[in-house]
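Okay, structure first, notes after.
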């Protein structure tokens, strides 16, 4: 696994927030996990609800857990709800199956990070995450 | 976040119970959480079932977690059951997606508390919560 | 089990708070559990820390769980720490082995409630709980 | 409770990291929680071990839970190990009783945030947290 440096994580967060403010979204919580699932960087804008960080985290962690973006996990949750419920249990609850958990891949295709965003509609959350990842020169995999 | 004083929480509880007795509802459990999700005040009327407090708590806590009244969480649970199940897991189970978990907003729109009520129909539970919040001069946001 | 009416629970809370203010203690969280371990009434004074309710609850719940006041559980924790750790696990964490969790017994000796208090020193917490229980005409069993 | 704005949380993180690099410490994980216990901002320097974020989080969360810095919780853990183990259980495990979890108080004494730092010695972790809090014009309460 290529390590994601903190400087890249901060670029992702900054660009995600810039996009969120450009789109005038509701206050967001964002988290960047490295390839191990460890929190690399996170911020919550002013006015976020009590558990926004945990929701954002669950989007990103679920994506890493299964190796697919949380949009794809959401599709699978419609087709196979008990599978997704079971995996949610397996990972201790940290799996939120709606768009906004996006994998970041390096040039060789390896997953180096996942970003989770929550606070506006899931589609808007995901659009910001994608913008953040691309600003760091990585490829966004929404699932 | 403005602090919710205990005196205001007690006003909310008293007015909620008064409304419940006026409507001759079944015995209720009620809980007021402050903006941090901490229990500020709670009562269970005589005759409530074993886990009424936990149900009332889950309505209020879920509302704070996502920043919307539990009625709106219930609507989302119909559209996206796995999302709501996942968030329930994320918050440790304390999320009950039916009406009766109502946010209390101050004049500037900020959430300063949430009240959860359980024991009668969800609509009746919510009506009492709303009456309680308004008696304290706050705005009820049912979702 | 004799039921503890809400009116008695409120008498306990009011008298506990009156004693706390007379002694000029730090802000307290208090909870009255009925004989089933259900929350009957609770309040948190202004200025309590984030998890004071949970600590007060764990004192009361542990007392009910083992049928002895939390002071006695604390003594046992010194003699047999692994026993108390194991029971804590068995009850899902809701056991705090220091004074302040006091059983309320009716005239026939039956346990009808437990009160948990947290916020000042454990000895002061317990003194207030005792005053509250006696104000309701019940016998306090501190362990 | 006064809200901690994101800009203040970022000032705390930046100043904490600056102090850590000035002292040439091992790689740190840092987290700023707001008064609700919600993650407001976090970073992990390059080279931190797998669960450094969780350790830092537990220092800060424990401090908020009990309303005292994690240094004081550590002293209590020596005197009353079962009490601290029990509270750790009560708060879902998020309590790490060594220095490095520091409360940030506003001018009126109210707790507006807690910062947790982990990665070097606990004393060094705490020194950085203190520098970060003071850079934001708040008062550090180490316990």
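Which chain is which? They are A, B, C and D, in the order written, and residues in each are numbered from 1.
Quick note on the criterion: contacts are C-beta pairs under 8 Å (C-beta built on N, C-alpha and C of every residue); 3 or more make two chains touch, one makes a residue touch a chain.
Chains and their UniProt names: A, B, C, D = GlcG protein.
It should be emphasised that the depicted structure is a prediction, and the values quoted were computed from it without experimental measurement.
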Could you tell me the least number of steps, going only between chains that touch, from subunit A to subunit C? 2
Any chain that touches subunit D and subunit C: B
Can you spot which of B-D, A-D or A-B is a repeat of the C-D interface, where more than half the contact pairs line up? A-B
Distance from the mean Cα position of subunit D to that of subunit B, given in whole angstrom: 31
Rounded Å distance, subunit A centre to subunit B centre (Cα mean): 30
Can you check how far apart subunit B and subunit C are, centre to centre, with Cα atoms defining each centre and the answer in Å? 25
Residues touching two or more other chains, restricted to subunit B: which are they? 3, 35-37, 92
Touch graph across the chains, line, ring, star, complete or other? other
Of all residues in subunit A, those that touch subunit D in their complex: 3, 5-6, 9-10, 29, 31, 34, 36, 38-46, 48, 50-53
Can you name the residues of subunit C that touch subunit D in the complex? 48-52, 54-55, 58, 74, 77-78, 81, 84-85, 88-89, 93-98
Which of the residues in subunit B come into contact with subunit D in the complex? 1, 3, 35-37, 92
Taking the touch rule as given, give the residues of subunit B at its contact with subunit A in the complex, in rising order. 35-37, 64-68, 80-83, 85-87, 89-92, 111
